[in-house]
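As written, the chain order gives the labels A, B, C and D, with residue 1 at the start of each chain.
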Amino acid sequence: MTEMASPRTAATSRIARLLDSDILHSFLRSKVTIAAAFLTLLFFAGAIFAPIVAPHDPFDLAGISILDARLPPAWMEGGDARFLLGTDDQGRDVFSAILYGSRISLAVGFMSVILAATVGILLGLTAGYMGGRIDAFIMRIAEVQLTFPAILIALLIDGAARGIFGNLDREKYVFWILVFSISLSLWVQFARTVRGSTLVERGKEYVQAARLIGIPPFLIMIRHVLPNVLGPALVIATINLALAIITEATLSFLGVGVPPTQPSLGTLIRIGNDFLFSGEWWIAIFPGAALALLVLAVNLLGDWLRDALNPKLR
Amino acid sequence: MRRIKSVAAATALAALLASTAASAETLKFAFQGTLNQLDPYSLNETFTLGMLGNAYEGLTRRGANLEIEPALAESWEIVEPNRWRFHLRKGVKFHNGNDFTAEDVVFSAERLRAEGSDLKTRLGADVKVEIVDDHTVDFVLPGPNPILHYEWDTWYIMDKEWTEANNAVKVTSASDTNPNHAALHANGTGPFRIDTHEAGVKTVYSKYDGWWDKPTHNLDTVEFTPIASDATRIAALLSGELDMVYPVPVQDIKRVEDNDGTRALTGPELRTIFLGMDQRRDELLHSSVKGKNPFQDRRVRLAFYQAIDMEAIKDKVMRGLSTPSALMISPFLFSRADEFKRYPYDPEASKKLLAEAGYPDGFSVGMDCPNDRYVNDEAICQTVAAFLARVGVKVDLNAQPKAKYFAKVLASGGYDTSFYLLGWTPSSFDSWNVLANIEGCRDDAGNGGQFNLGGYCNPEVDKLAARILEENDPEKRDDLIAEAFRLTIGDVSHIPLHQQGLAWGVSDKVDVVQRADNQFLFRSVQKH
Amino acid sequence: MLAFTIRRLLQAILVMLVVALIAFTLFRYVGDPVNQMVGVETSAEEREALRERLGLNAPVMVQFARFIGHAALFDFGTSYQFKQPVADMIGKRLPATLELSLVSALLALLVGIPMGVYTGLNRDSALSKFFLSVSLIGISLPTFLIGILLIFVFSVNLQWLPSFGRGEVVQIGWWSTGLLTTSGLKALVLPAITLGLFQMTLIMRLVRAEMLEVIRTDYIKFARARGLPDRIVHFRHALKNTLVPVITIAGLQLGTIIAFAIITETVFQWPGMGLLFLQAVQNVDIPIMAAYLMLIAFLFVVINLIVDILYFLVDPRLRAERAVH
Amino acid sequence: MSEHPLLSVRDLKVDFPTRRGTLKAIDGISFDIARGEILGVVGESGAGKSLTGSAIIGLLEPPGRISGGEVRLKGDRIDNLPAKAMRHIRGKRIGMIFQDPLTSLNPLFTIGEQIVETIMAHLPVSEREARERAVHLLDEVGIPAASQRLGAYPHQFSGGMRQRVVIALALCAEPELVIADEPTTALDVSVQAQIIRLLKRICRDHGASVMLITHDMGVIAETCDRVAVMYSGRIAEIGPVADVVRAPRHPYTIGLMGAIPTLDATEDRLTQIPGSMPRLDAIPSGCAFNPRCAHVFARCRQERPEPIDVGSSKVACWLAEEDGSRTIVDKKKADQLS
């Protein structure tokens, strides 16, 4: 009887599921995803091991020479074999600068997402579990938060930081200012997802049971909710990583991000932008391409993850 | 709804008609910075004064080669050693129709020296201004001064009646929060009136038909737009949207040249770019060295000097468009400049000097740098930092927009800097201005070299400066100047870097006159 | 409906108060406003006098109340940089930003929705795949790169469209519009595309996802089974259901667009509020920052209200619920 | 013309091509529905009942497709019609009712709008006429105060009422055949019987045949004239309800019969068929039922049985071929066997 009572669409949906996983593994799809994963890994490895793999240290002022400034990529006329992708206006190796720049971009991205996920999951759990006024309060904040895009929040915080710390001290804290302001705009999505899942779990029997036994139900819920939201949270995290990287790049491009002496990808593009029309395209184009590729790869991974886990993301 | 539409359409049509009716020539140009306000006495800055100089005029003006010409004063004479007489031009009318008279000059002289004015140095506080008749004014000096009127081309005469009627006698100072009428409107005697001014967005000038001089331009309207982004500014010129932009970043000069329909005008600018070091405090504000000030040791200053390869900066950062300078003044402004040579670039000597001074491993120091003021200012600072890194000095670079930068390092910010990059054009085009403003001793009360941010002080130099001011014989005067410069160079008071080049991007449709002081005057623009 | 509106309004006011508190804190505590106004040579007495005159010695609550009172009249004092009343400056730049944002939003909606519908209905067509790839690139390319690229191609190389500014504007009352002149319209093209592209891809992906979901629902199957023409099934039944979530997102996106205009305005030197705000941040011009923050919050509240009302009009379930409760 | 049955399905095959091979969801089924007849289609989930319905009406979800056989409506083939022509058959000549009335109606449109648009899509009437007709139909399906409720939205109706609306929608263009795909599964038990009775009555009144897809043998027994039992994409047994219910021949049908809970049940427990239906990509050779069949023998594993006539029924089972008269296995026996 139980078998017989399953819904009418079971047959079609079973087929559909089979087909879906088929599409999932279809040749083209996996090729793209594999390429994206490979690219992402490459960036990670490049960023982590930059001090080892990079031919030069672009942050070491004593190691760069202005006489090497604006050399074209190695394969072009006038290029120098030491500088594969050419040099920028200060004589920094563009390739090394990209590696080191990705390091900063990824570090900011990762830290922002981790912070946002932690805060978002905690607040989501609290809101979902406590309900009532606290829930309403947290969700209202989340709603307001949604209005102010990362860029705006980051600019405001940066402006405030300049006022409080002064310009030079700001540069010391700029990494954390960036992380803080970017994560501030990312936690909402985590909170919403977790809250939804918590609301579902709260009504379940084991929560009541836990209360009867005398175990704090909140702790038990965390144990039950977390596995449920892990999938969606991972997808959100991946997509938000891409978003965080873009945001950091944009801020640096606007000149309120990391200082030019320790350039991230966005800073490199800002510097290179001044030389775009004068024929020294490689200073902006290579970091720009690196940024676009990195974000594209992460986005592809996120897309694939979403399709694979197919959580309700909204 | 329909009615609103037709009204809107009619408005649009009218606007189109209006714009075609003004078929006559419109000049559109862009500069990297903004024109914040219009009060001619509130900001002593080349660009602002240059822009206002199209609407306002001084008693004198300067020609294409910076020679002093009569303007609102037809002629002048030194009637007694301490009394200068200016004969004012008759029949000159302000834009609002008021007559220009001696009253206006006296009024402007007072306002120029009033609280809040940034141009007080144009006219000493102890100079008396006396009306002889409606069109004659005397200036009575406490002592002789052959260069009294050298900076008067940017002392603009305002209309007494208009200023008073509009409650704008008080100067809107840089720190004022209540700008008055004169900060938002202009009423001069110049060839153009300012029709609309939206700070940071657009300023529109139109031809003043009642100008006293014969126009050498053929413009009817001039539109100024600030475009901060180099790339956007150049793109706008190349695509023909603008007739003129400045500055052109050095890397884009070739492109502007190569592009059909545009050309780059380059020339040496009078401004000297230099580095300064705090030698006044006993401990630097921003440094790893505590308890003493390394810059008080000449060897450290010389070590910094010799660590920097100016030829490399010229070649790579300035793309050849600069002249490394041994002096703190442009060679065009001092005839005997070629007697002076730079200390050679020698990193080894530099290291040795640092070791001798007790810093074999170097030290770290904070550096202040503007990033939107001079040609490639930030890049120069970065390069300097890189050169210093090679001799062991770690530079913490603080590059920021000029407004923030100046607010920090100038007198109003308490000279909050240890090591900085600055540019200076003597507005009188004379060495005395440099010796007094940049090299002159400065006391705790703030008297003396107002722009001597590092507080370098050699009383001998001050004594020479005082003599130079009063010396009327050019030959002797130059001797004294050379001697003063020799002293400052010996002390390594500053590290002069170079005179930067001027670079304007100009459409082939217009002819302009490029002045070495980087002022852009519409009165000599022809468009075809 | 009335109760609902009133409740929404009260919430909106609460939000505005919270934002006002942030703006006030910014204004009051980030950098001493007195220090921002005077020079070093100003004496302690003069500072104290200014302090008194500005009301900075009153209790904080009183100051906050005053701040709100002034903010309600859109009085945010004078810009530290430009020496002009902030309200005037923002008022002059508001039309530029709003026109750019609205045109971009319209572009994003008018192109994004049909593209989303198409890719949702024709999952496997080559064109869909092309759209999807483009959208992924659109999401991955930072706005400023797109702007630079567009200028490079269309302004500098092809010289078709202007690279900066608004072109000629027509003044209608206090509103300046670039929509009535050819040069104004031409100047709008590149910035609007730059600003709208990201939102467009976002909306396209959203509509597509919704469409895919809706198309699988029983009522769409049933609509087909009733023999309704595809046109009605797709554009009447499916699209309307898709629109419900799209409205929320689109509403939120409009807020985002206005903020993202900061980047576009910087790249294209568009004389709007975003450019002003960026300069304010770089120069710590707190009055402008506070005013901008309040304005964005206000726009958000208004947009949210409109979204809620639209929701009401589109979804009868909501109407019923509200009516019952 | 009259010699053609209303609907005639011959050797219908539905495939789902995938990268790993083609799945045969329906593998050659044949049956007829006569005018005015009610055919029940019964089987477990995944047996292909609903797909058969979708295939007939031409609404297979891609990549599913008809790969063989034919569907004729009054003798005219409809399985290969162009999309536009097929649209005129859907709703107009074949109506469809889905399982869940809660989700079958578009929540954002009033029921009036939905009925009117359907009528106008098929009949040459004005909007006013369509509205009148809608009111009439709603009245007929037992919606009280029909004319006032045209402007109501689906969520303002109860589940049973909504299914009545759905029935009205399926019938609003006077179709000759109504395919009802588990029309009562989602409903409250108390209204299920009402809806089935309504469906039966109204189809009779409008002269429409019904293909009633269900997993409920009880409903079949009460409602249908004939019944087709499906298993793994094939018809195991088809015949008049009286024969199939009273004297099932296919071991699977026997199992199913055992699964009907009856009020007057004498047994202590329900008969269950051990195991479950094979996945589409793992259909065993021979008879698909053989792994679960209590009577399996060698031939069942090698050769696939085709339906053969046994009395007025058709049965696809080697047992039936071996002794058409012998194997009237009664329930008790089946029980013991399992």
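In this section, a residue touches a chain if its C-beta (ideal position, glycine included) is under 8 Å from a C-beta of that chain, and two chains touch if they have at least 3 such contacts.
Every value quoted in this text rests on a predicted model; they were computed, and no experiment measured them.
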- Chain nearest the global centroid, as defined over all protein CA atoms shown: C
- Looking at C-D and B-C, which one has the bigger number of contacting C-beta pairs? B-C
- Message: Can you work out the whole-Å distance between the CA centroids of subunit A and subunit D?
- Response: 51
- Query: Quick one: subunit B and subunit C, Cα centre-to-centre, how many Å?
  - Reply: 40
- Task: Report the inter-chain centroid distance for subunit A and subunit B in whole angstrom, where each centroid is the mean of the CA atoms.
- Result: 46
- Note on the structure: Where subunit B touches two or more other chains simultaneously, the residues are 229, 231, 235, 238, 400, 404
- Flagged in subunit A as touching 2+ other chains are 273, 276-277
- Where subunit D touches two or more other chains simultaneously, the residues are 98-99
- Message: Quick check on the complex: what are the subunit B residues that touch subunit C?
- Response: 8-9, 11-12, 15-16, 19, 30, 34, 36-37, 172-179, 183-184, 198-202, 225, 227-229, 231-233, 235-236, 238-241, 400-401, 403-404, 411-414, 446
- Message: Considering only the defined contacts, which subunit C positions touch subunit D in the complex?
- Response: 217-230, 232, 236-237, 240-241, 244, 314-317, 320
- Query: Which of the residues in subunit B come into contact with subunit A in the complex?
  - Reply: 229-231, 234-235, 238, 249, 251-252, 254-255, 286, 309, 312-313, 315-317, 366, 378-379, 382-383, 385-390, 394-400, 404, 408
- Note on the structure: Note: in the complex, subunit C contacts subunit A through residues 11, 14-15, 18-19, 26, 30-31, 136-137, 139-145, 148, 152, 156, 245, 252, 255-256, 259-260, 262-263, 266, 277-278, 280-282, 284, 286, 289, 293, 296-297, 300, 304
- For subunit D, which residues are in contact with subunit C within the complex? 57, 59, 83, 87-92, 95-96, 98-100, 103-110, 117-118, 121-122, 153, 155-156, 166, 169-170, 173
